[in-house]
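What follows are several structures.
One chain, chain A, appears in both complexes that follow, with chain B as partner in the first and chain C in the second.
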Partner chain A sequence: LFAHLPRHHEVDVAGVVARGTAAALPLPAIQLGLTLAQGSLRGANARCIAMLDVFRQVVLEFRSAGGREFARELNPLLNSVISFLVFCRPLSVSMGAAIKHVKAAVEKLKLEPSAKERLLGVISSFVQEKILFAGDHLAGEAAKRIQSDDVVLTYGYSSVVAAVLLRAAAAGTPFAVVVADARPLLEGRRMLRALLAARVPAQYVALNGLSFVLPRVTKVLLGAGAVLSNGAVLARAGSAAVAMAASAAHVPVLVAAETYKFHERVQLDSITHNELGDPDLLVEMPGGEKAWLEGWREQEGLGLLSLMYDTMPAQFVSMVITEVGAIPPTSVPVILREQRADGNMA
Partner chain B sequence: MPHRHDPCCQAVVLAGASGSRLHPLNSGGTPKVLLPVANRPLLSFPLRTLEEAGVAEVLVLCEGDAAASAVQHWLAGYSGALAVEAVRVTEGSSPVEALRGVRDRLRAPHVVLLSGDVVTEVPLQAQLLTHRLRGAAVTPLLARRRESAAAETKPGQAPKNVDYVGLTADDGLAFYLHSPDRARQLRIPQRVVDRVPSLTLRTDLTDMHVYVFQTEALRAVLAARQDLHSLEESIAWRCAAFLAPEGAYCCRANSLQAYAEVNRDVLAGAHAASLLREAPNAKYENFVHSSVQMGSKAAVGAGCMIGEDVVLGDKSTVKRSVIGPNCRIGAGAKIINSVLMADVTVEDGAHVHGSILCNRAGVGAGASLRDCQVSPEFRVGEGADLRGEVPAGGMNFYNTGGRPATFDPFDDPRGFRKRPKSIFVRHSGKLSGLAVLFLTATVIYLHSHRRTLHSHLAAKDYQLNAIVEEKEAISRTLREKDHKVSVKTVESEHLRRTIERLQEEVSTQSTRALEATRLAEETTRASAAKIKALEERLQADTARYTSQTVEAHMARHHHRLSMLETAMGHERREGEEEPQEDPFAKLP
Partner chain C sequence: RQRKVETSLDAAKGTAELLRQLVTSSRLSDPQSLLDEVKRVGLTLQAAQPTELVIGNIARRVLHIIREEVEADEEGQDEDLEVDHAQKESAPAMGGLSRAFRLSGGHGPATKLDASRHQDSPKKKSQPVTFWARKQEVIDGVNDLIEELKDIDSSIANQAVEHIHANEVILTFGYSRTVLQFLKRAREKRFFQAVVAEAAPTYEGQRMARELAALGIQTTAISDSAIYAMMARVNKVVVTAHALLADGGIMAPIGMHLVAMAAKHHAVPFVVLVGIYKLTPLFAHEPGLNFNELKSPASILPYNDEALLAADSSSCLDAESGLEFDVDDSVSTSHPYLQVHNPSFDYVPPALISLFITDQGHGFMPSYVYRQLYEWYHKSDW
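Our next item is the complex of A and B:
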């Protein structure tokens, strides 16, 4: 069923060297690739910012013959960096959007002499406007929607959701948070730590305990990896279950996403576009319990599936909060159309 | 395949060791790094490793003028993609001083320092990448030992010649100690323990003498500490350890045994492709140069390398050996597990086993060499039988069988002679001492107890005689017993016959008895019949009798009845008021 998705493979220094292109790649790119492959860097915003940082360093160290040849020489280098990052871990939608933006800028700048500085400006403005400022504005908007005595349910860790909740806490609104979490990534613990550091009352529950907490929950706030054209939201595996359970309990589901995460494709299920994670993470049991799946590779007919993302259909999402406002999921194509128009104009 | 030069890396190859442990291979003035391994100089292997890693500049540090000029001479013909330069370093200087000398020429941000005798197929690029990614000050290459250090030591004793390597959880090097002798205790500095949360000490890794340094750090240390230092003392730096991948071949040819092993391992099919850049002959798995003339029935086994213009005589055998160019192997010669350098002559019928023959050496006809190292231009005489020796000496010294070879002590100042010895030879001192002790002990014991021994002997003689007499007595009794046994057998025969007769009688008697019983039965049956007849008659009589008596009774009764009836008729007529009496009650 998932044979169309690229298999997960281990990436380490020896593998990178064996691939043969290690000499041509700048060191920051190799470093980022290894970090991504090991899973120490996760999350749409974090990965995108790190990749753009690598691009910035690549452009800084790039020495070309002349301004005219800039694009022709830079493009192969960028492509090699991108293909290496893809080799380490498939790109996320946010990274794809950033790459598209940067490549369009490179194309436009190829006839100018001071191309390097302008390109660096483009990259940094993308980070500043589309990610950081957007996130900040979004946090302010969404924090207003958290009222007193709200019980907010969230799943896993999302930098945007964390920003929203911390902003609401800083504004003084008394509210409580329930953090749902699931193996193997257990990202909810990171959210819990952040909330407890800000002295927000938080409860930690496993995903299968959702039905116990839902009666007390007033709204659900989720982060997104991408928002698709038909209103479906791509998020960490498990979020769709949270959204479905919440909508069945008539609890509003709010998704916080910047507009750069919007994508034109239409996705109806979690199978067509997804990412396979490390299956060995499923084998390790926390708390020192015995790993029952230990020899799973030798077992015939047994395969471990670890999906990174899942898709929640638009019917489960009440509202998508972006930096341009709160929109219903059916209005996503409008935002996309506007973005396209902006891209054509600029 | 052109490699892109990495401008961030330079290399320094330490080729200065005089190779005193490789005596007598270097006694012909060849520096250690130019000794042939698989018919190419040893130096070409580290150079190839550097070339593949894309290092641009290489400095080869040679000790002394002779070595430097020899290396320069060879480098003139070097056609690789590296910019190699031979630098002369003063003789007798340690590696640190040599480094200090070239310190100013190190410009690149990273410098690779390696020993000139390292033969490895571990990609240096991976080590460089790890070094740069970790931002370490030095990254040594640690390879897994082929056999465990504790394999040759008795249990309970620390092993010799072990590298103690302390690694942190993320493969950083925190502690390193090389101990050639038995280390009874290991002192780990407090700062190491404070700095690292968890430390794993391993003894299965050896330092391969391939290091990647950050030039700044190296220069700072060299400037700061004017005294000698070795790698162990630099643990204040950030060290990342690069572990050689499993199965990658890594070896240093720094002793005679290692040199011979490297020669053989490099030719093995698995490593040949990556180390030699040559594929072996697919059918025979060996490397035979096209200009080799092979005699009839000459056999070259797998894992051999034969250089150019070699003449192999008829019926000669070469197994797992390396034969340099221009050698002459005579007919019927056997060369097994050996290394022959250039221009060596092995005459007919010679056996060379596990030996190393240097340039222009010669082995006479019928000679047999085992585990020897023949120095250059030395000729072993005909029929000589040498085991584990180092025939050495000046030129034109001919040794015929029987005369011992002279040994020049100046050729081997340190007295190193690493020859493989059998277990008995290694422990021969101990064994002979033990034997002598044992013999003297027995002699002393015997001498002090000689009188008692005599008396013991006499007693034993007496006992022996007594035993002999007993033996005779016993044999006599045995004979008598035999006689008795025979008599008894005769009697038993007799008895058996009587038994048979009696049995016959018994059988006749029994038949008679049977007849008698039959007759008796008949008579009893007849008498029983008679008795039955009599009984029947008796019964009939009694029946008749009883019926007669019953009839008589009945008749009497009837009579009485009739009398009574008449009487009653009378009485009724007389008095009808009288109660009726039961007339029958009066009857008996």
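Our next item is the complex of A and C:
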């Protein structure tokens, strides 16, 4: 069923060294790769920013041999960094967008003495404009949509959603949050921590208990890994179920995403594009209960599957909130078209 | 009450055997007081475990059997029959009853009844012959019921081959002996794959995955978060229910509503395997029905979780209770405290269910459930 998706594999220092190309890779790249592989760094924005930081360091350290095109020398290095990161963990759509942007800039900067500085500028402005400022502006706009006595449901952890909720809390609006969470990642606990620290009344429930809490929820706010051209939203596995249930209960579903996460591809279901996570994370049982799946590899016919993402169709999404405004999911191609036009003109 | 009885089937068997004991050892009385006795015992048992609806179901089945016998024997009921007051079956005797319940028809109630018999003011009993016949029929009826309970899983499994076809991907949720037997029987004739969702917070699905694989079925275990995603490649959902409600909906382990919705969205048939003893004349939102059981929040969020510890230090939680477990419907927006919900059951409306397969030898639609109630229960017992 999942032959088209790369299998999950263990990545550790020994494996990296054994790969042989490690010597040529800059240290920050190796560090990031291992961090990503272990899952300590997750989230579209976080991974993208970390990757761009590695690029920044790579460019900074880069010594051109002089006389040749900047692009021709830098590209192989950049490519080897990227392919190593891919080896450690498949790229997110956000990372892909950043790479596309940086590579386009590299192409344009030919034999310029200030090419390095210019490129560093491009990288830093991407982070500043597309991620940080966009997120900040988005948070402000979205926070306005949270009204007094709202009960906002969210799922797992999203840096964007956290920013929105904390902004609304800081504005003094009285509201409560329900955090739904699921295994194996249990990222919702991170959201819970952030909310409790900000003294926002919170409820915590397992994803399965969604139908139990939904009657008390007034709106749903979700983050996204990517927003696709057909209005579908790619997000952490389990988000689609939240959107589905909310939509069936006529609760508005708001997806908060910066425009750099928009992508031209279309996706009809959650299987065509996905990522296989570490199956062994499912084996561990909380509270020392019996782990039935221990030693699952030895059992003939038994397999474990951990999907990282799922895709909710546009019909479940009421509104996508971006830094350029709130749009219905059907208007995503419009934004993409404008982005393409901007790219051509720059 | 002590939850020593594990599954619904055991509860049903225990109740049936207890009631048989009751009917057998009850002294000659008019059927109305026998009905009252059975009803009283049934209510007491049900109160001990309010979410175990099969207790009430079995009691109603026995009442139905008795009423049928009464109707079959209209004439010849004498008013001078001895009345065996049922106050012995009340609270003080509960100990004896629950002991018997656990031992599946031990000597508890018999000895209690024996003792009470001596205390009874002796009334003249008359017409013993006709009532004996009726009572024996009642006992036979209850015996049939007990036999029926023994064969639930295999009767349901008999229909497996009709419903599971070659190379299908079957999704199931959590652990169920019934589904296990069903798929095992299908495996004898067909090759198919199974996907099992682990079903938090019990994670019984993991055990199901293991046992299915051991039966030679290609099984994939997934977490609940992947159910929606996987549904795009599933051909059929086969699950069981805790209770079959009067409107054709079901009471099922928490999370089942999401499974049913995902199946509906992807146009995947949602098939529920259920023994007819689980059919209850109650609706989900009846005032008397205690629909849900809220368990300890620790299964969802452990007491030593970082989030709680951090919150505690920033004095967000109520100082006295630490972790507040609140069943309140309203959400307070001004009180900074943490609520953790851990409900046990979900309601799945009939519109999301494609088919019920029962031990009575055929499948039927949720819309037919209401008619089934007339077959198994008497209207006055609903």
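The definition used in the following text is that the second predicted complex is superposed on the first by the 343 of 346 C-alpha atoms of A that agree within 3 Å, B and C clash if a C-alpha of one lies under 4 Å from a C-alpha of the other, contacts with A are read in each partner's own complex, and residues count from 1 in each chain.
Throughout what follows, contacts are C-beta pairs under 8 Å (C-beta built on N, C-alpha and C of every residue); 3 or more make two chains touch, one makes a residue touch a chain.
What you see is a predicted model; the values in this text were computed from it and never measured.
Novice: Looking at the overlay on chain A, is there a clash between chain B and chain C, or do the two fit?
Specialist: With chain A as the common anchor, chain B and chain C both fit in the superposed model.
Novice: Would you please give the vertex angle at the Cα centre of chain A, with arms pointing to the Cα centres of chain B and chain C, as a multiple of 10°?
Specialist: Nearest-10 rounding gives 70 degrees.
Novice: Counting only touches as set out at the top, which of chain B and chain C does A:G238 meet: first, second, both, neither?
Specialist: second
Novice: In this superposition, which partner touches a larger number of chain A residues, chain B or chain C?
Specialist: Between chain B and chain C, the winner on chain A residue contacts is C.
Novice: In the superposed arrangement, does A:V320 touch chain B (first), chain C (second), both or neither?
Specialist: A:V320 contacts neither chain B nor chain C.
Novice: Considering only the touch criterion stated at the top, classify A:V13 as touching first (chain B), second (chain C), both, or neither.
Specialist: Touch status of A:V13: first partner only.
Novice: Applying the touch criterion given at the start, work out whether A:A143 contacts chain B, chain C, both or neither, answering first, second, both or neither.
Specialist: Neither partner.
Novice: In Å, how small is the closest CA gap from chain B to chain C once the two complexes are overlaid?
Specialist: 17
Novice: Residue by residue on chain A, keep only those touching chain B in one complex and chain C in the other, then list them.
Specialist: Dual-contact residues (chain A): none.
Novice: Provide the residue numbers of chain C that touch chain A in the complex, in ascending order.
Specialist: Going by the criterion above, the answer is residues 169, 195, 198-201, 203, 206-207, 209-210, 213-214, 216-230, 232-233, 254-255, 257-258, 261-262, 265, 292, 298-302, 305-307, 310-311, 314, 316-317, 329-343, 346-347.
Novice: Could you pull out which chain A residues touch chain C in their complex?
Specialist: My answer: residues 1, 148-149, 151, 174-176, 182-184, 189-190, 192-193, 196-197, 199-213, 216, 236-238, 240-241, 244-245, 248, 269-271, 274, 282, 285-287, 289, 291-293, 296, 299-307, 309-311.
Novice: Spell out the part of chain B that touches chain A in their complex, as residue ranges.
Specialist: 3-4, 6, 54, 123, 125-126, 129-130, 132-133, 245
Novice: Spell out the residues on chain A that touch chain B in their complex, using ranges where they run on.
Specialist: Against chain B, the touching part of chain A is residues 13-14, 16-18, 22-24, 27, 30-31, 34.
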